[in-house]
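Take a look at the structures below.
The two complexes that follow have chain A in common; it is paired with chain B in the first and with chain C in the second.
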Partner chain A sequence: MRPTTRWAILFMGPPILLFTAIVVVPTAMALRLSFTDANILGQTSQWIGFDNFVEAFTNEHVRKSIRITLVWTLFGALIPPALGLGIAMMLQANTRFAAIMKSALFVPISISLVVVGQVWIWIYQPGDGLINQMLGLVGLESLEEAWLANRSTALWAVFIAWAWQQAVLAMILYLAGLTSIPGELVEAARVDGAGQFQVFRRVIVPLLRPITTVVLSLIAINSLRNFDLVFAMTQGGPVRETETMPMLVWRILFRQHEQGLASAVSLILFAMTLVVVGGLTWWGRRGSYVD
Partner chain B sequence: MTRLTKIRRSYALALIAIVALVAAACSGTSEDPGAGQVEVAHYYGSDLGQQGILDVNATFEAGEAVVSPIEHEAFKDQILVALAGGEPPDVFSYWAGARTQSVFENGHLQPITQVFDNADVWNNFPQALVDAGIHGGEPHLLPFGFHYVAFFYNPHVMEAAGVTSMPTNSQEFIAAAQQIAASGVKPIALGSMNRWPAQFWFDFLILRTAGPDYRAKLMSGEASYTDPQVVAAMELWKQLVDAGFFVDDANAYTWTDAADQVANGEAAMTLMGTWITGYWNGIGLEPVTDYDFFNFPVLDPAIENAALGPIDGWALSADAANPEGAMALLEHYADPGNQLTWALEQGALPPNSNADTTQLNPVMAKALVEVGKADSYSFNYDLATPPPVAEVGLDMFQAFMDDPSGYADLLSSAQSDAQAAFAG
Partner chain C sequence: MSTSTASLAADRAERADSTVPEHGTGRRVRTLRRRAGMVLIAVFVALYLVPVAGVLATSLKTNAEIAERGIWALTGRLTLANYVDVWSTANTVRYLINSFQVAIPAVVVSIAGGTLIGYALAKFRPRGGTAIQLVIVSGLFVPPQVLLVPLFTMFRSFDLLNTLWPMILIHSAVGFSVCTLVMRNFFEQIPDSLRYAALIDGASEGEVFWRVMLPLARPALAALATLQFTFIWNDFLYPLVFTSARDDVATIMLGLLNVKGQFTVAYGTQASLAVIASIPTVAIFFVFQKHFVRGLLSGALKE
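Now for the complex of A and B:
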């Protein structure tokens, strides 16, 4: 064996083993469970073929949860990145105010989603919540609402809380991306007569494409695996209106005890994640500035 | 030593260090309990009497109870993971009824006949509570505290509204609620954000109109959610909601929010279990002066008087590492003095008949009397029907509080979901 091969085995072996142990093996086990009627408390299970997948695609709660997750991912891919880019552009200037604002805006990303959830529960609280108090102060009592209990507002209320944090994540990445854009390219565009908007559209946005791919991929993954914030704020309620797919998996497993069905829904979510992230990676490579 | 040998030796040492670290990590994070150590997991958080467990465990001299208190809602998941993973605590708190049955049926419990014999649970506990611990013909759950669900109210609000005697039938109840509403206070607080607090309404409306036998059939799948008895109960519930007796946006609040609303005088009463007294005592309220209760009114005099509530108990894991120590701890938990200590702290009723109940506060003493006067004792909904079916009903109650007008559709979809859940 050549020395380089030995070194490769030495260095690559442990991570491959670790990856196999914590990703490949559990995924294979989930795959096996998804074809059984396993119960979380049960000691035995029967092979039932594709029944769990048929159940998953015909069950109205699963279908609704897939819809909620897709809507969340779609808006998640639009709103936080746009906000993040906008804030990053504003804070790009090397001023004292920008430095203070950057520090302040880093706070949401440094706290756990459960804490974020508790803060936003207070903001949305009926009666003495921040939003309702502000509405009351400006004479708009008629608009006061139990934001998290109302079936038509609950999903968006939780989404806003999540987007608030994700926008900061996008902002941090875009700030890094903006600093890497060569100033002479912007200058050259301006010399050629490009206005502020044209510089943004024709120079900055294309150059940020690799960063945008990263931002979109991270936010898409965060959308699809979103559990902790929903759990902290609504536990999927009211009446399952905020039940994202991870939340549904939790419910099927821990409340209904159906481990086989929970595994099937997990695998559907896994497949959705692969498709979304794979699509974004392809998109990123296709029009990359580097290419 | 050549440079290459030195490098090889350095890598070898580094590898040994890594292997040692991995081995240490894989060897487990906790040591096995010794002969006297008993691992205990329970769901009594700070608002549900955590201190009471610590007090009881402090007097366990035969060994040491190593406790892992877990937040009440999180416990429901974590205990399943521990049981399924084959690494359960020796002893864990659990709810009598369908939940214990589900764990028992899957082979995760071992009998505690020795505890029942040594502590003479057979004779020292009321028969209904002994029966609640029997699964498969053998004792598997030691009753540790039980509760009584009733209308807990704020006497100051009642007095201000001119309600001097508490209602005993539906006419009196509606008259009182109207009087309270006229005084500018919401008559009924309900915090159904976590769904289960709404179940007591469904339970009592069925028990008081269709009776415990019919309800037992509904809980076991022999009756349907679309039966006229269930429709009639839901219609009564809807009338109360439509009359404006409930706080707005019940689904926005938890049970402690509802308890606070009653304590603060924003609402007059809430249908809840006796554990609410522990919560209120904890925030400085005085029994009788600041809170009291009355029974769910009689809706049909021909129907027997059923009491409702959960029974909390202790179970012994089939995979317990220290079953002997666990049995000793369970005997300690069966002791009347320890049951009383816990009951006083949590706001529970002690199952052991030898507990000195003169120490209960007047409200709890009254609850004990009411349980004794009841013709039967039923578990609340999510303990009376199998867990997957309970999910269906709990969803329905929350949906009902959101829009009571659609209850007919809710019942028919609950019936098809419940049927599927029963079919497993």
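Now for the complex of A and C:
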């Protein structure tokens, strides 16, 4: 054995053992469970092959939650990064105001989604909710709504609260990316006659591509994992309109007690995450100028 | 450095701009654009200020006043009564201690383990290192829901349900993924010659790691500490699953969630508990904000 191999084992051994016990083995156990009809904790279970996966792809509630999760991920990949880039460009100036805002904007991403959910419930609630009060103030009482209880607005209401926080995450990363763009490049483009929009499209956006890949990957993972905020705001309701996949897994586990099906759905979510992040990584490498 | 060159370039561009003679329409367009920019900034400030200020203001109003005038009313006397109330009656202090008892060991273990794995992968380059890295980093993509049932069974058989151990163990292990990614990328950038020089001077691999490499890694470690502490402190899924039976082992986020579920608990009380629960993470972000961004980028970009 090479001496460095011995050192490698000494360094990596203990943490890898813990990781295996807490992550690798349970994932394998979940995979096994997904092929069984396990339903009450601890009871032995029957092997039923792919039945849970067939059930997952034919059951209307599972299909609906897959749809909700995909729509969420798509809009999550569009709106918060765009907002974040916009805010970052606004705050790029070296002013006192920008400096204060940059610090203040760490608050939304350092607070828990329980707290975020709580404030947005207060914003959306009927009666003394902020939105309805403002509508009343300008004489638009007819538009007042129980935003989180209405089947057609609930999902977007939760999404907006989530985008509010994720935009800041994107903003912080883009801000770091913007400061790393050499001023000479922008200046050179200007000298060559590029307008503001052209500089943005042809210089800034391509140079930010590596950062964009990071932003999109992080936000995609957060979209697919979205449990905390939904749990804090609606628990999947009204009538399962905001039931994302993690929320559905929760429901199957703790209301229906079907561990086999829950494992199958959670593994489908795992596979979706791998596909999305793999695709984004490929996209990021393909068009990257710097390697 | 790049910041200063950028601002220099901006200065130069501005000066170049001002030498162009101003025509009436050009100036008007520019003023309009500036006004539009101001409006945009005002909207955005309001969008981020209002929710945060709303919680703070609500926490400082009496529950009677909120009941009478509504949450968002601008009037009202400010008082610390809710804080005194929450601090003395509810299990708040217990919740906070529990959260620290989970977060501190889990932050330390996850970063220590991730640093060791990352260093070994980057500098010892063991056979099969790529595969090990792939498995560990894939942990980032495993939804927590996948692990719940097997872990529940496991912790029950070790009689660890309704203790803080499940959260400490899970957050430590799950944290290896991001910590390994960041630290491997960090050590990869440090030239091997540094290690060889120290080895030739008679230091062992362990000493090189501890005396030479770790001090260099301080900024990356600070970034990870911020990230991990925030993530662990704010988590409520694992406490919800593994400690739901006993209120005295609840973390602060679980406590907050339970309070929110009780409609008898008034808004002022909820808001003050939310503020108390947010103080540690907000404080850590303010202290480490610069490191945080750099660390996040170094981990994510170089892969």
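Operating definition for what follows: the second predicted complex is superposed on the first by the 282 of 291 C-alpha atoms of A that agree within 3 Å, B and C clash if a C-alpha of one lies under 4 Å from a C-alpha of the other, contacts with A are read in each partner's own complex, and residues count from 1 in each chain.
Here is the rule we go by: a contact is a pair of C-beta atoms (placed from the backbone, for glycine too) under 8 Å apart; a residue touches a chain by one contact, two chains touch by 3 or more.
In this text the structure is predicted, and so the values were computed from the model without any measurement.
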Exercise for review: For A:Ala77, select first, second, both or neither according to whether it touches chain B, chain C, the two together, or no partner.
Suggested key: neither
Exercise for review: Could you tell me if A:Phe19 is touching chain B, chain C, both of them or neither one (first, second, both, neither)?
Suggested key: second
Exercise for review: Tell me which partner A:Pro108 touches in the superposition: chain B (first), chain C (second), both or neither.
Suggested key: second
Check your understanding: Of the partners chain B and chain C, which touch A:Leu274 in the superposed model: first, second, both, neither?
Key -> second
Check your understanding: Is A:Leu148 touching the first partner chain B, the second partner chain C, both, or neither of them?
Key -> first
Check your understanding: Does chain A have more residues touched by chain B or by chain C?
Key -> C
Exercise for review: Would you check which partner chain A:Leu33 touches, where first means chain B only, second means chain C only, and both and neither mean what they say?
Suggested key: second
Practice item. Pick one for A:Arg255: touches chain B only (first), chain C only (second), both, or neither. Key: first
Point to revise | Shared chain A surface residues [contacts with chain B and with chain C] | key: 14, 41-42, 250
Check your understanding: What does chain A use to touch chain B in their complex?
Key -> 10, 14, 37, 39-43, 125-126, 146, 148-151, 234-235, 237-240, 250-251, 254-258
Exercise for review: Enumerate the contact residues on chain A facing chain C in the complex.
Suggested key: 3-5, 7-9, 11-12, 14-16, 18-19, 21-27, 29-30, 33, 38, 41-42, 87, 90, 94, 101, 103-116, 118-120, 122-123, 127-130, 133, 164, 168, 172-173, 175-177, 179-184, 186-187, 190, 210-211, 214, 217-218, 221, 224-225, 227-228, 232, 245-246, 249-250, 253, 259, 262-263, 266-267, 269-270, 273-274, 277
**Study point:** Of chain B, residues touching chain A in the complex
**Key:** 11, 18, 76-77, 80, 83-84, 102-103, 106-108, 193-195, 248-252, 387-388, 391, 395, 398-399, 402, 421, 424
Review point. Inside the complex, what are the residues of chain C that reach chain A?
Key: 2-3, 5-10, 12-13, 37, 40-41, 44-45, 47-52, 54-55, 58, 70-73, 109, 112-114, 116-117, 119-121, 124-127, 129, 132, 135-136, 138-154, 156, 169-170, 172-174, 176-177, 205-206, 209, 230, 233-234, 236-237, 253, 256-257, 260, 267, 270-271, 274, 277-278, 281-282, 284-286, 289, 292-294, 296-297, 300-301
